[in-house]
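Listed below are the structures to be examined.
Two complexes are shown next, each including subunit A; its partner changes from subunit B in the first to subunit C in the second.
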Partner chain A sequence: MAETVKLFVNGQEVEVESGKNLIDALKVVGIEIPHFCYHPALGADGNCRMCLVGIEDGRPPLVPACKTPVSEGLKVQLDAEKIRKIQHDVMELELINHPIDCPVCDQAGECALQDYYMTYDHQASRMRVPQVVKEKKLDFGCGVVHDQERCVLCARCVRFTRLITKTGELGIVNRSDEARVTVFPGRQLDNRYALNVVDLCPVGAMTSRDFRFKQRAWFLKRSPSICHGCSMGCNIFIDHNREKGGDDLIYRFRPRHNALVNGYFICDEGRLTYHQENEGRLATAMVDGKDSPLDQAIEMARRKLENARKPVFLLSPNCSLEQMLAIRALAESRKARLSGFSDAYIKNGDGDGWLIQDDKSANRAGLELLGIDTAREGFAQALEDADLLVNFNSMRIVPAAAELAGKIAGLTTIAISSHNGPLTRQAAVALPVSSYSEYGGMVINTNHILQRFAPAVIKNQPAPDMLDLLRQLGCTLTERTDLGKAMQQAIPALAGTDMSAFPAEGLNLKEKETDHVTA
Partner chain B sequence: MEVKVLSAKFDIADAHLLEVAKQHGAYATLEKLFAMPPADVIDEVKNSGLRGRGGAGFPAGLKWSFLPKGLDKPVYLAVNSDESEPATFKDRYILTRDPHLLIEGIIICCWAIGCHDCYIYIRGEYTTQRKALQKAIDEAYDAGYLGEKVAGQDFRLDVTVHRGAGAYVCGEETALLESVEGRKGQPRSKPPFPAVAGLYGCPTIINNVQTIASLPFIIANGADAYKAYGTEKSPGTHLFGISGHVERPGMYELPLGLPLLEVIDKVAGGVWKARKLKAVIPGGSSTPVLTPEEAATTTLDYESMAAHKTMFGSGGIVVLDETVDMVRLVKNLIDFYHHESCGQCTPCREGLGWMLKIVKQLLNGEGTTADIDLLRELCDNIEMKTVCVLSAACTMPVRSYLDKFRPEFEAYAADRAKTEAA
Partner chain C sequence: MSNRAHLTFTGKPFQFDAERDAEFEYLVKRYPTRESMILPALWLTQEQEGWVPGEAIAYIADRIGTFASQVYEAATFYTMYHLHPVGRNHICICRTLSCWLRGKQEIVDYLAGEIGIRPGEVSEDGRFSLEEVECLGHCGTAPVVQVNGEFHENMDVEKLKQLLAGLP
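Entry: the complex of A and B
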């Protein structure tokens, strides 16, 4: 921990990190100060007044915690009668014009108003006069739907578009209790991160058209994971649920804070890639375009591989490091040529210098690190005299290599695929495999951050794990401990790292290398 | 009782013109001023005991001395001419009748605090006043009192008039700064205070028009001459706007410390139509009301007002005769502050609207005594929990009416009880 200061909360001494405000510093030691408008990424605004705390002998004696830095010897009053009364009174005022439509509100279950009501307010309404009427279900663009009546005017969304995206589409118009968040006429939200305002909104005022009315928040399981939408590897929560009689489905991705990678946010495109985890999946094994029992199809694939003289392995830049190591090992034992050709994953000029990257694959850095050739020439050359192509879940080949398409079409192919696609339909054997929301592994992002993720979704009929399939195809490097060793060999920076104590925020391989050099 | 310090040139024809103003002594202090080191000017103003005339009464010289020293940043002066407090009409006289007095005061202040760029924030509705002021500023530039070399000295000073767009809250000093910077006029959280980080993040002094206009007299005649007026702790003179139910409403310059009722009687001709006095609002709508009994022992200075649990405010005295319906007055009062609440922070935004609706309900005969209690409680719940003091400017007077004239409120509530009984 950085430098610390000692201060008193309700008379109790606590030691906290210096340089933070009271909300952030005390949160670390388990003391919650209620707030709506403050957000670590957006700074302190001080408008909600929910975080007012007392400072003993302070001038002024009452301060917003969000704007108050911790300091040595500060005497903070949180449970004093007057502070509890303020929290109670502010909650009453927040709620008098709120529609209290929790039963039909998407935020219910993860709503600051609900939670704080239970903790700090808990009284019947004293409002006997008509409420302020405002606009509802406003289409703000980018799939954001706004309800002005639910809004507590904390201005997080407004500050997000001003401070973070710097697009400034949102503003608060009017004064007093007629104040409301809105967009300029004819100028809706127009940025690639707009849906973050839905996460930022502490109440149900900002909802996502994609998620609205699909699930109650309390039914969702929140599994930490890594977005595979591009090479940034943003940290996410996969919110999923198996409804009675149904399958385990993903309902949304939400950003998960990681200062090393994505901060507090994710892009909209990545956020919506969850649909691809639910849809278009290769459900059954196929032989010559017809459904086949899995074991028979695997046996067919194994024989084809055994009999091939010049097999070519193509692997996806989305594969985990473990999968890549195993595929490489199988390629070596089968004398197959290995290619990570995946130009079609790269969308030149699409990146924005922040989170969105040109490269729409999650682990290209892994390919490079393992020395797997990604050049188009290498792949084209390998195809020349090939008699078998085994495609390890590379979903995008053709757009970047139209002239290879004919060549591939003429080849016997084995498609090991999580999703349906032209290549699976053409394949002599197609084997379904699990996707990243269903397996765990490691990936390296474009900034050389090595990250680990765990399985999130368990399907009713789980597709086989890639490593299982590889083992059944004759790969001998599929055991976790063996793979761990192989990984430590392949990545010098990992040597000596205790993998059970792998840092949650990931490991910067570049920094690690520099460490070694200087040491 | 009346004196002529600030208002010395008010009755002189065309004194707003530089030529006429100069004949009557305008800019005569500058020679003396530029011979004084700035620190001496600040000391002189401190010694004069001049207090901020915007309403809060903070000592002007002391405020200036809060400016951080040795900063590599410009210092700004913002002159608050937003004069929007209901019942207040003093600064407008300076702006139209003697604008050169204000400009001279600005030169004095800027020399003292080392400021080269002054903004005058004038309320949007003051169109005549803005024209008069701008004309005077143009004249001052042409005559060399503003610009690259003020009065031939090696001292640059530029003055810009910034018009507000009609928001009361922009009279709050940090909202004023936001407005000058081109943003929505909403108060900033303090600290930091403007003297440390104000306009464009630079040290800024904000003074009321009348405060600045008091400076030429102090520099010309010395602190002692200024202190000869008023009381020990509230020295000097003040422009009082007396309105309401008096025979001779108007703007009068008086030394501080005079007995309130005597002023109403002798200066403003007493309560009109030989009616009885019901109450006095001592310094603009946001100051708690005084009953006749309280008014009888009140003098027009900061200390006496505080002792009577009210405030000196802006010098806008409103006399209420026996016909005034206090419930309707309170409705009118809350209506104003609700309308002017910037809507930034929760208690003021939500609370004032609720209070307004409760009073309206009461006036409609649909209120109960419980509603009166709720209204009273809301005053406590809202006050001082907010970013600025706008809500307190509403709750403090409302509480005073509720406490001092409660039976009138209950009379409206009782209506309901009667109807229900019938």
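Entry: the complex of A and C
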């Protein structure tokens, strides 16, 4: 922890990080101060008044905690009668025109209004006049659907479009009880981060067309992971659930805070890549285009590999470092030429200098670090006299190398693949393999941040893990401990690092390792 | 206040005439930021057209270099901007606390029953338009009604009847 100060909360002394406001500083030590409008990425607006606290030093009776920095000896009051009264009153005001439609609201279960009602309010409505009727199901564009009646006017969404994306599509029009969030007619949400307003919304006013009505929030398991949509490696939660009688399916990705990588947000495109984890998967092994029992197909692949004189290995820039190390080891033992050719993953000019990168693969930096050639020439040359191509889950070859497609089509191919595609259909042997939501490993992002992620989804019939398949194909470097050692050899910054103390926010390989390793 | 979020579009492009254009350029120099021109530009529009069409809001935003949502906010917040053509006589009734407690609702209900206009509406013959507004600053003589910019204090339904009878 950085510098600390000691202060008193309800008479109890606590030690917290200095330089923060009361909400953030006390949250770290487990003390919640209720709030709607404050968000660390958007600053303290002070409009919701839910975070009012008492300070016993003669300043005005109540101050907003979001605008109050911690300081040495500060005496903070959170449980005084007058504060409970304020929280009670704010809740009553917020709920005057709220439709109380929790049973059909997507936010139920993760709604600040609902939670605070249970904690601070708990009263029947005293209103005897008709509610102000506002608009529902407003299409704001970019897949954002707005319900004006559920809104608490905290302006987080408005501030997001003005301060973060600087596109300013949202505003609060009218005033008093008629105030509402809307877009100017014809100027809807039009930015590549718009769905973040759904996460920012503390209540159910902003919903995602993609997610709404699909799943109740309390059924979802939230597994931390890394987005594989591009080379930024944004930190995400994979929200997934196995419904009774069904399979473990992903319902949404949400951003997970990491100051080193993505801050509080993710892009919409990456957010929606979860669909690809659910759909289009290679479900069964295939030999010559026909379904085959997995063990027979693996045996067939092993024999083909054994008999090949000039095999070429192509591996995906999305493979984890562990997979890359194992594939490289198998290539060495089989005298196979190894290529990480993957130009088709790069979409030139698509990056925006913030989170979205040109390179739509998660671990190209890993390929480079392990010295695996990614040049087209190397791959084309290797194919010239090859008699076998083993494709380790590289899904995109053809667009960037149409003239190679003919050559590949004429070759005997083993496709080890998480998804269906033209390359699996034309393969002599196709072996299904798990995808990144189902395995764990390490990837290096475009800014040389090494990150670790764990398995999230467990399918009813899990596809084999890449490392298991490699072991069955004769690879000797597939054990976790061996791979760990190989990784420490390959990455100097990892040498001597206790991997069980690997920092949660990742490791910057461009900085000295000592800056990050905790004692 | 009525819901002022539904803008009226004319279907024709909007721009300032030469006089307002010059006035805009003159005023813009007086402020530290161009955003400060939102309210003056809305006034100029209303001077020119008698009201503020949707197209003008987009025009002002682009001319200033700010978000349309921001001009939209200001135009809907301040009830003195007319977001549709108003009647020959524009009636504003204060809806804030003192006027509410002193019976403004009876006046609003009378207008709805007798003339058939609710806040935000224009009578069919174009003679009256009505808006409920926030505090007009005459709390001591509530309820207050403003007709064509002129204040009428300590109002009730009887006084309003007489007032309306004298209007063109």
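The criterion applied here is as follows: the second predicted complex is superposed on the first by the 512 of 519 C-alpha atoms of A that agree within 3 Å, B and C clash if a C-alpha of one lies under 4 Å from a C-alpha of the other, contacts with A are read in each partner's own complex, and residues count from 1 in each chain.
Basically, contacts are C-beta pairs under 8 Å (C-beta built on N, C-alpha and C of every residue); 3 or more make two chains touch, one makes a residue touch a chain.
No experiment lies behind these values; they were computed from the predicted model shown.
Visitor: State whether subunit B and subunit C clash or fit side by side on subunit A once the two structures are superposed.
Guide: Once subunit A is superposed (C-alpha atoms), there is a clash between subunit B and subunit C.
Visitor: Classify the contacts of A:T284 with the two partner chains as first (subunit B alone), second (subunit C alone), both, or neither.
Guide: Neither partner.
Visitor: Quick one: is A:L93 in contact with subunit B, with subunit C, with both, or with neither? Answer first, second, both or neither.
Guide: Touch status of A:L93: first partner only.
Visitor: For A:N447, select first, second, both or neither according to whether it touches subunit B, subunit C, the two together, or no partner.
Guide: Touch partners of A:N447: none, neither subunit B nor subunit C.
Visitor: A:I172 in the overlay: touching subunit B, subunit C, both, or neither? Say first, second, both or neither.
Guide: Both: A:I172 reaches subunit B and subunit C.
Visitor: Looking at A:V152, would you say it contacts subunit B, subunit C, both, or neither? Reply first, second, both or neither.
Guide: first
Visitor: Examine A:P185 and indicate which partner it touches, taking first as subunit B and second as subunit C; both and neither are also allowed.
Guide: It touches subunit C, and subunit B stays clear.
Visitor: Which chain makes contact with more of the residues of subunit A, subunit B or else subunit C?
Guide: When the residues of subunit A touched by each partner are counted, B comes out ahead.
Visitor: With both complexes overlaid on chain A, does A:Q426 touch subunit B (first), subunit C (second), both or neither?
Guide: Once the two structures are laid over each other on A, A:Q426 reaches no partner at all.
Visitor: With the two structures fitted on A, what stretch of subunit B runs into subunit C, 308-316, 326-334, 380-388 or 398-406?
Guide: That would be 326-334, the only stretch with clashing C-alpha atoms.
Visitor: Residues on subunit A in contact with subunit B in one complex and with subunit C in the other?
Guide: The answer is residues 172, 174-176, 178 of subunit A.
Visitor: Applying the document's contact rule, which stretches of subunit C touch subunit A when the two form their complex?
Guide: 1-5, 7, 9, 54, 57-58, 61, 66-73, 76-77, 134
Visitor: Using the touch rule from the top, collect the residues of subunit A that touch subunit B in their complex.
Guide: Touching subunit B from subunit A are residues 44-50, 52, 62, 64, 67, 85-86, 89-90, 92-94, 96-97, 126-130, 132, 152-153, 172, 174-179.
Visitor: Using the touch rule from the top, collect the residues of subunit B that touch subunit A in their complex.
Guide: 167, 169, 184, 189, 338-354, 357-358, 360-361, 371, 374, 381-382, 384-387
Visitor: Could you please specify the touching residues of subunit A with respect to subunit C in the complex?
Guide: For this pair, the touching residues of subunit A are 134, 158, 161-162, 167-176, 178, 180, 182-187.
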